[in-house]
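In what follows, structures are represented as C-alpha cells.
Next come two complexes, and both contain chain A; in the first it sits with chain B, in the second with chain C.
On to the complex of A and B.
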C-alpha cells in the first residue's frame, strides 16, 4: 500500500524582482498502484513539485508523506534526461543505485534490463547507446530498485515521436506487470490520456486547476478512439485554461498601466 | 530496378565493412610513416649543418651523439643520473599533488576558498621556472632539496587549478540522481566526483609533469650534485657538446616515452568509456 500525500505545499523562489510563488498551497493524495499525471503549461511548477516530492528541493511550507505499509516508501525517479554515469557500464549504472550489492541485486538488474529489451547492452558504455536506449536504461534503473513510488519527469520529451510511442507502450506493459504508484509529469496531453488513471491539471502560479479521473480500459494506445476523445476533451480544458490565464494577465497589465 | 539498386547498395556496404580493418591498418601505417619521415627530416637537417656548416666540436653529428648515448647506457651512468632526477621529480610532484588536490577541492566546492586561493595559485603558476631554480639554489644550496621544492612549486598550482575546475564541472544532475536513489556521500565522491575530476587531474599530471621536468633539470644545472641537469652542466664545463646533446637526447627520449607510451596507455585504460559513439 504505497500512498503519497501532499499537504498544503508551497514553494516560493526569491528572484531579483521579488518573491515568486511557483507552487501555491497544493494538496492531493495519490492512491496505491495508481498512475497520476501532472499536466500544465510550461512554468506552472510541475517539475518543481516532483523535485520536492523526491527530496531534491525543499518546500517553503507544507509537507509530503510517502508511506508503504506505515513505513517510508522506496522511491525511484526517471528524469527528463537519462542521467547515467558515462564512466560506468550499463550494468554498473544499475548496480550503482542498488541499496545492497549482492546476488539478488545483480539478478534484479539483469531482469530489469531484460524487461526493457537491453540485456545485450549490459557491458556497453552509455555513450555507445542511442538516446532512446539510454532512456530505456533510465527506466530499467528505476524499476530495478523495486520502488514503491515511481516519479517520472517528462521522460520521453527529448525523444523522437516513434521512439517515444514505443517507450510509452513499454512503460504501460511494465506498469501493468509491477503496478507501482506512479507520478508522471508531462506537458503532452495525449501522453497523459494514454497512460493515466488520473490527471491533475496545474495552472500557472502553481495551483490545481482540475482533477480528471480516467476510467478507460487498459491496455491503451494513443490511436484508440476513446483515448483520442479524452485527449480532445483535456486539450479543450487546457486551451480554456490558457485563455483564462492570458485574460487575467492582460487585465493585470491594464490595471498596472 | 529498385531491388537491383538496393542489392548493389547492400553489396557495397558489405564490401565496405569487410575492407574497414584493412583501411584502419593502412591509415595507422600512414600515420607512423609520417611521424618517421618527420624525425628523419629533423635528423637530416641536423646532419647537413653539422657536416657542412659547423665543426663537430661545435655541432657534432647525430651518429656521434648516438654513440655517446650508447656509451653512457652501457657503463650505467645514464641509469644512475636518470634515477637521481626521477626520484626528485617524483618526490616534488607527489608533494605538490598532495597539497594541490585538497586546495583544488576546496576551491571547487566553495566560492570563499576559490577567492582566497585563486590569485596565489595563478601567481605561482606564472612564475618562470628559472626563478624557481635560482631561489631554490639560494634558499637550499646545492643538493636534492632545492630541485624537490622547485618541482613542488611548479606542480602545486597545476594540480590545484585543474582539480578546482574538475570539481566545478561535476554534473549536479548526477548528484541529484544519486541523492534520490539514496547513495551515501562516500558513494557520490567515489562514483561521481572522482571520475568527473579525473580528466582534469590527468591533464594536470601531463602538463605539470612536463613543466616539472624542465624546471628540475634547470635547478640541477644551477645547484645539483646529481641528475640530468647536473650532467648537462658537467659536460658543458668540459666543452663537450656531444655530452650535452647526449643528455638532452635522454631527456627528450624519456619525455616521449612517458607521454606517448605510459600516459597514453594509462589514458586509454582510464577513459575507455570515451571511446564510445
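On to the complex of A and C.
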C-alpha cells in the first residue's frame, strides 16, 4: 500500500525582484497503485513539485509523506533525459542504482531489461543506442529497483512523436504488470489522458486548478475516441483557465494604473 | 534505362610510389620518417664538427653500458623510485584535484598553493630534497611527488568541475552511496583530465628523478649520466640521455596511450563494446 500525501505545500523562491511563489498551498493524496498526472503550462511548478516529493528540493512549508505499509516508501525517478553513465554498459547502468549489489539485483536488472525489450543491449554502451532506447533504459532502471512510488518528469518530451507513442504503450504494459504508484509530470494533455487514472491540472502560480478522475477502460491508445474526447475536454478547461488568468492580470493592471 | 557506374581510379593507384606515399602519411610512417631525419641531422652534425658524438658512437657506448650490467642495475633502481613516486603522485594528485574541483572553500585554500607548485621547476625540488634528505631513495621519490602532483591536481580539478550535474542529480535521487558515485561517476568523468595530468606528471617526474639522482644519489640513471659527464665522456653521457628519451617515448606510446584507449573505448563504437562484459560486481 504505497500512498503519497502532500499537505499544504508551499515553495517560494527568492528572486532579484522579490519572493516568487512557485507552489501555493497544494494538498492532495495519491492512492496506492494509481497513475496520477500533473499537467500544466510551462512554469506552473510541476517539476519543482516532483523534486520536492522526491526529496531533491526542500519545501518552504508543508509536508510530503510517502508510506508503504507504515514504512518510508522506496522511490525511483525517470527524468526528461535518460541520464545514463556513458562510460558504463547498459547492464552496469542499472546495477549502479541497486541498493545492494547481489545476485538478486542482477536478476532484477535482467528482468527489467527484458521487460523493456532491451535484454540484447545489456553489454552495449548507452551511446550505441537510439534516444528512444536510451529512455527505455531509463525506465528499466527505475523499475529495476522495484520502487513503491515511481516519479516521472516529462520522460517522453525529448522524443519524436512515433517513438514517444511506442514508449507510452510500453509504459502502460509495464504499469499494468507492476501496478506501481506513479506520479507523472507532463505538459502534453493527450499523454495525460492516455496514461492516467487521475489528472491534476496546475495553474500558473502553483495552485491546483482542477482534479479530474479518469475512468476510461485500459489499455488505451492516444487515437481512441474516448481519449480524444477527454483530451479535448481538458484542453477546453485550460483555455478557460488561460482566459481567467488574462482577465485577472488585466484587472490588476487597471487597478494599479 | 540503364546506368553505368564509373569508378575513378587515381592515376598512380597500386604503384610502388603510391604505396610509399600511403605509408608515409600513416602515423607509423610519419614517426619513422621524423626519426630517420633526426638521425641524419645528428650524423651530419657529428661529421661537420667535433663537439657532438654521432649516433653510432652513442649506440656503441649504450651497448657497452648494457653489456657491463650498468644499464640494468641503474635503470631498475630508477624505475623502482619512479614507480613509487608516480604512484603516490597519482593518488595524492587525484584526491587533491577532486577536493579542489568539488569544493569552493578547498579551491580557495589549496588552488593557489597548487599553482605555486606548478611554477616551481623540478630542479629546485631536486636541490631542496637533496639538502633535506641527503643521499638515498627518499630525496628522488619526494622530488618526483613534488614535481608531479601539481600537474595531476590541476587537471583533475578541471575535470571535477566538469562532472555533469545531471548525473549527480540522478545518483542523489536513487540514493547511490558516495563511494559508488566516486568510482562510477566522478573518477570516470575526470579520467580524461587525469590522463592528461599523468602525461605531464610523467614528464615532470622523470625530470625531477634524473636531477635528484644527478645531485644526490650514488646510483640510478641520473647518477650514471653524471658519472660520464664528470669523466668528460660525451658518448656515455648521451647514451643515458638516449635511454631516458627512449623510456619516455615508450611509456607514452605503449603504456599511457593503451590505457587511455581502453578507458575511452565507450566513445569508440561497436567492436570494443561487444567484448565488454558487464561487471560482476559494482559494489564500491
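We adopt the following convention: the second predicted complex is superposed on the first by the 257 of 257 C-alpha atoms of A that agree within 3 Å, B and C clash if a C-alpha of one lies under 4 Å from a C-alpha of the other, contacts with A are read in each partner's own complex, and residues count from 1 in each chain.
Definition applied: contacts are C-beta pairs under 8 Å (C-beta built on N, C-alpha and C of every residue); 3 or more make two chains touch, one makes a residue touch a chain.
Small disclaimer: the values here were computed from a predicted structure and weren't measured.
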**Item:** Clash-or-fit label for the pair chain B, chain C on chain A
**Value:** clash
**Request:** Would you check which partner chain A:85 touches, where first means chain B only, second means chain C only, and both and neither mean what they say?
**Result:** both
**Prompt:** Which partner does A:13 contact after superposing on A: first (chain B), second (chain C), both, neither?
**Reply:** neither
**Prompt:** Is A:75 touching the first partner chain B, the second partner chain C, both, or neither of them?
**Reply:** both
**Prompt:** Does chain B (first) or chain C (second) touch A:123, or do both, or does neither?
**Reply:** second
**Item:** chain B versus chain C as contact partner of A:95, first or second or both or neither
**Value:** second
**Request:** Please write out, lowest number first, the residues of chain A touched by both chain B and chain C across the two complexes.
**Result:** 54, 56, 75-77, 79, 81, 83, 85-88, 96-97, 99, 124-125, 127-128, 145
**Request:** Spell out the residues on chain A that touch chain C in their complex, using ranges where they run on.
**Result:** 54, 56, 75-77, 79, 81, 83, 85-89, 91-92, 95-99, 101, 122-125, 127-128, 145
**Item:** Touch list for chain A against partner chain B, complex
**Value:** 54-56, 75-77, 79, 81, 83, 85-88, 96-97, 99, 124-129, 145, 151
**Request:** Would you mind writing out the residues of chain C in touch with chain A in their complex?
**Result:** 166-167, 169-176, 180, 184-185, 188-189, 191, 266-267, 269-270, 273-274, 276-279, 281-283
**Message:** Taking the touch rule as given, give the residues of chain B at its contact with chain A in the complex, in rising order.
**Reply:** 173-174, 176-183, 187, 191-192, 195, 272-277
